[in-house]
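Labels run A, B, C and D following the written order; every chain starts at residue 1.
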Amino acid sequence: MSLGLGVIGCGSVFAGPYRAMIGRLRAAGRVHVSAVYDVDRVKRHGAAAHFDIDRDLRGPEDVIAAADVVLVLTSMNEHGPLARAALEAGRHVLVEKPMATSLLDAAELLELADAGPGLLVCAPHTLLSPTFRAVHAAVRAGEVGDLLTARARYGWSGPWWNDWFYGPGGGSLFDLGVYNVTSLCALFGPAQRVTAMVGVAIPEREVNGRLIGVEADDNAHVLLDFGEARFAVVTTGFTMQRYRSPAIEVYGSEGTAQLLGDDWAPEGWELWRNADGAWRVFPESDPHWQWTEGLRHLVECVETGRPTVTRPEHAYHALEVMLAAQAAGRDGVARGLDSDFPDPVYDSEWVDLDAERRAHDRRSHDGL
Amino acid sequence: MSLGLGVIGCGSVFAGPYRAMIGRLRAAGRVHVSAVYDVDRVKRHGAAAHFDIDRDLRGPEDVIAAADVVLVLTSMNEHGPLARAALEAGRHVLVEKPMATSLLDAAELLELADAGPGLLVCAPHTLLSPTFRAVHAAVRAGEVGDLLTARARYGWSGPWWNDWFYGPGGGSLFDLGVYNVTSLCALFGPAQRVTAMVGVAIPEREVNGRLIGVEADDNAHVLLDFGEARFAVVTTGFTMQRYRSPAIEVYGSEGTAQLLGDDWAPEGWELWRNADGAWRVFPESDPHWQWTEGLRHLVECVETGRPTVTRPEHAYHALEVMLAAQAAGRDGVARGLDSDFPDPVYDSEWVDLDAERRAHDRRSHDGL
Amino acid sequence: MSLGLGVIGCGSVFAGPYRAMIGRLRAAGRVHVSAVYDVDRVKRHGAAAHFDIDRDLRGPEDVIAAADVVLVLTSMNEHGPLARAALEAGRHVLVEKPMATSLLDAAELLELADAGPGLLVCAPHTLLSPTFRAVHAAVRAGEVGDLLTARARYGWSGPWWNDWFYGPGGGSLFDLGVYNVTSLCALFGPAQRVTAMVGVAIPEREVNGRLIGVEADDNAHVLLDFGEARFAVVTTGFTMQRYRSPAIEVYGSEGTAQLLGDDWAPEGWELWRNADGAWRVFPESDPHWQWTEGLRHLVECVETGRPTVTRPEHAYHALEVMLAAQAAGRDGVARGLDSDFPDPVYDSEWVDLDAERRAHDRRSHDGL
Amino acid sequence: MSLGLGVIGCGSVFAGPYRAMIGRLRAAGRVHVSAVYDVDRVKRHGAAAHFDIDRDLRGPEDVIAAADVVLVLTSMNEHGPLARAALEAGRHVLVEKPMATSLLDAAELLELADAGPGLLVCAPHTLLSPTFRAVHAAVRAGEVGDLLTARARYGWSGPWWNDWFYGPGGGSLFDLGVYNVTSLCALFGPAQRVTAMVGVAIPEREVNGRLIGVEADDNAHVLLDFGEARFAVVTTGFTMQRYRSPAIEVYGSEGTAQLLGDDWAPEGWELWRNADGAWRVFPESDPHWQWTEGLRHLVECVETGRPTVTRPEHAYHALEVMLAAQAAGRDGVARGLDSDFPDPVYDSEWVDLDAERRAHDRRSHDGL
């Protein structure tokens, strides 16, 4: 019997790749959409019509009541409360980034997920991509020796379709930098200290044809201290028109590994080992990989009872990093960090399942 | 009549590219070596024999007395005092990086150079490379719009031939990071604030076959604030086995420019302009360019009476940045910066002269 | 009212991208599938079921009778006769490569298309890709001066799913080389002379788990003479495991242009102009472009009454080239060529329409 | 006791890298220049003055009489007779490409070298570069399986300093294509058959500021048949403004190897093995390698009594290929080839010696 999905928030994040991913899972008979809600009537009705379901639910609580798995795709301030409500109701939850806007709210989600029956999967889902997994595996296998230093970058010229990116709670660090922070911590382990420079480099922008004042950071560099003088930098911003450089570079005592493209859209990876005296350039193995893969993963874990690869504790840590970076950006003082998270475990059953999926997707792409 | 060069310090920095550059200037009849000194008798005698001059000078003062142009190529602690003595004696001076180890000493050099007859040229000389100049010209011409953010990196696995790199006064920031700091400030203008993470990631190393304890930083990330929320990061260390990424990436409001290779050994540059919709990839125009070019430049300026392109104030600023970065690395608190320097001016006469040199070098390379 | 498509041949070529392209055109209300036929009952029934139409047509003639536009996707020997029958019946025809297996049959198709009401579109459709069009436009605008020499390559390790590729009428030149031949001739104009080396380099292969003897060429180099000592080479084969080189390189008197990726799946292009002193690297503008685009093009031309950009005369010429290359491969004697074709004309209305499509596709991709 | 070198022909080939190589061998005390001759008095006197030797030798015979090793660096027509005279006199000979202009003359050189005491080394010397050797070793070790097909290219916009390149006996095939032919045959073994398209694509050129008519080919594609349907193509010409593609691509049944840069100036190499699923990108290991390395090699072989790695039979075969290609270019008929040559043997002693040289050169480069 297929899982009933409930979608809260039917804006661009939903209408984009999530809807496509839902479509694929539906086609495979694994899910159906049982409820949708958006405060915007037009969006709500559009989504309901698309799935041919009740278009007049009164609120998120109706979605939670009607679903096995709840997708929280609203604006950021509501992420925490909605995820909480869904977990309290015993539902499985996928929540977009950030999982909450305060550490306190985020901590509650961790506790609820820990205590209750519902699984909690937090975006970003980039740790699931085959290319990131290959980099992680190489690093864990010691291919580059001990990690010593790293760089990551993700930026672009910035969204023009919605001004919330530039208002309180928005900003490039939360919207973009979160990917790099998540990836680097997955490779190095939890950060212990952070400092940053964060600010507004372009004070006015045209959004939807209207000039607006920018209040949230659009330019940021974050330094991470992983202990024992092992450091990394995240460069992010709505201040980069185009780049031609690796997304993630990790430098170890015996070599270098780097992920190309962007961490949410990898284009292969590269490995230098001193012992080889050559770069190994791995072409992208899954060019159709989507950053909404976390939904499929959650569905799989619900189906099989297996634990999720991505852990809410990891998302919590990334949140602590970003809040501390913002604080350091304001007063120039580095912050210690308290939280911890377990190293991602890619169990072989899941890896096999995913390899199968990729083979199947290739056929789908060619054949349908 | 050719200029008499006096060399103080005949170690690896001298015996490397400086000697080769001197050789080329001698062959052109523009300089002769009139005096050399090194505290190490073997090095002193070797250099004297090479140039067939007096091998038993008693100290730097003899070199200063006998030279028109003094090259200060000693270990770092002596840079300031020796440069000072040479300027006080009215000599032209080329001093290796850093110009001094304290801001006070460096400030004195600036005053002396300003007041006296001698020209002062401070390493690094990377601003003189045709490729850096092309990037600088593109940026000043507005090809990428207003500069907003940037990254630079320079590192490697570290020297194995001399343990002073790893002792007090050494470290990757002063040895390597100085290039990136100099280049970025040449593009953005003076930095206003700095913070950093700096430390020892590899506590023990083999140097000359002997295991030593590392005391100076071998791993550093430095954040620079150029005002108006325009930032850059410098990543440096004896902690990088190999990279495959641009040396310098500058991101502006209309495009991106990046210098490939290393800033002391460029391998071309790239320019993205939104208006083009394409990367322009410029092959390296001067693959034989040497980082000792500052000596030729100093000689030219002495010969022609023209001001030097690279300014001591720039080197002073880089020194202030690095000292502040080290301090911030210790206590995690960002530092404001006070110093200023003028934008490099590449006057057209010099540019023409250099173009001629490059044409001639090419012939030399083919022909001799 | 939407156009009725009739599909003859429901094998892998159909079940692949053609079905996907039909799906998109159906979703836009521009076509419906009115008839399908395949000699294989399972494939026939599968296709009919997919479109929910009559699954028991008795033969191609039923398809032709029931369709506005006939897609000939059968094995190669039937291409000519079926396309002929469809044109004689006044239908529009898309025929897969090669349009026929003899020049005589191909010439008849040209005459029928010329005389009758039906449009004839012959694969490959690579001239329609935005990236190829950009290269063609740059060349015609004189960006690289007069074309003088060129290289093209398309190969891989070869199909493992069907042994007809390795039997009479198959081979790498007809299956793969046809793309390069078509592209180069589109840039240089008709070839005047051809010679080649063609053969079987891997005499036995495993296909579908069974070892077979290879009879058709799996390895070929074809030299093309475009007159006035302007030459090109096509390298193709089921003998190439992987490459990392441009698909097409054209060298002119003032510069170089090259298409990256494969000509049926471009990954951007590059332009060197002596006047620039730089490579312009154009990222792929349409990564979702499909090589079945010819179907959409045919539908558009039928809808609007505009002439097709790709001309059957061009396909005829490519066929003449390949047949002559095979003959030259047998006896080592170069062959003159007789046929001619007009330069592709990308009328601005079509270009605009396609730009709109690309914008729309991007939305589709993001949005569903 | 150092070897006495005799130089016949003191034009640009001599004054370029050969003089630089001689300089290095002299500095190491391994050779001295005992005699020079050029029909041009100015060149003769210049060279003699450079080495401080007799400037008024009456002809090549005086050089041969006075030298242990004779370098034949004249224009092409004299290569054969001069090399012959030197071998007959029992001298060791280095002859620039081509070793002779007729197969008959070349065959005589082979016989003389075989019978007499003198060693014969024929340009090009590209087989000696560490990068080519790495590719050769990988291929011989079976890293890419059986070689099946290949491409090579070497071209540029053409010389502007000497019109003999464009007159009888000149042309791009002999001047440039010879490198590719030599390299490909070193990898595949002797070719069995050849065809080509060869011609003059730019009938008039400016050379030394004067417009000249071009008589020798400036545009060529040569197809090589190595037996068992294994083929390669060489693309060469004074018709290529710039490229961005591998110099040599060899495709085997299990992978691909390619040499970057140009074969006389390699910039690293790349290896794909199906078993790896990655490209191995080897950075250039010897960026200072010079194409005049054959001289050092000859000196070493004379010193040590070891056989030369490059064999005159290989140069003979390349000559046969090129003459046959020109003939095929005229009448369009492929030619069979008769000659053979042994696979290059890189004995380990020589390889070790060369590794030592590279280490030493690096020091030289840094240190002098």
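Methods note: a residue touches a chain if its C-beta (ideal position, glycine included) is under 8 Å from a C-beta of that chain, and two chains touch if they have at least 3 such contacts.
All values reported here derive from a predicted model rather than from experimental measurement.
Student: Report the chain whose mean Cα position is at the greatest distance from that of chain D.
Tutor: A
Student: Can you check which chain pair, B-C or C-D, has more C-beta pairs in contact?
Tutor: Counting C-beta pairs in contact for B-C and C-D gives the edge to C-D.
Student: For chain C and chain D, what's the span in angstrom between their mean Cα positions?
Tutor: Their C-alpha centroids are separated by 42 Å.
Student: With centres defined as the mean C-alpha position, give me the chain B-chain C separation in Å.
Tutor: Distance between chain centres: 56 Å.
Student: Touching at least two other chains at once: which residues of chain B meet that condition?
Tutor: 279
Student: Can you list the residues on chain C that touch chain D in the complex?
Tutor: The touching residues are 144, 148-149, 151, 153, 155, 157, 193, 195-197, 199-202, 217-221, 223, 225, 228-233, 235, 237, 239-246, 249, 251-256, 258, 270, 272, 274, 279, 332-334.
Student: In their complex, what parts of chain A are in touch with chain D?
Tutor: 271, 276-283
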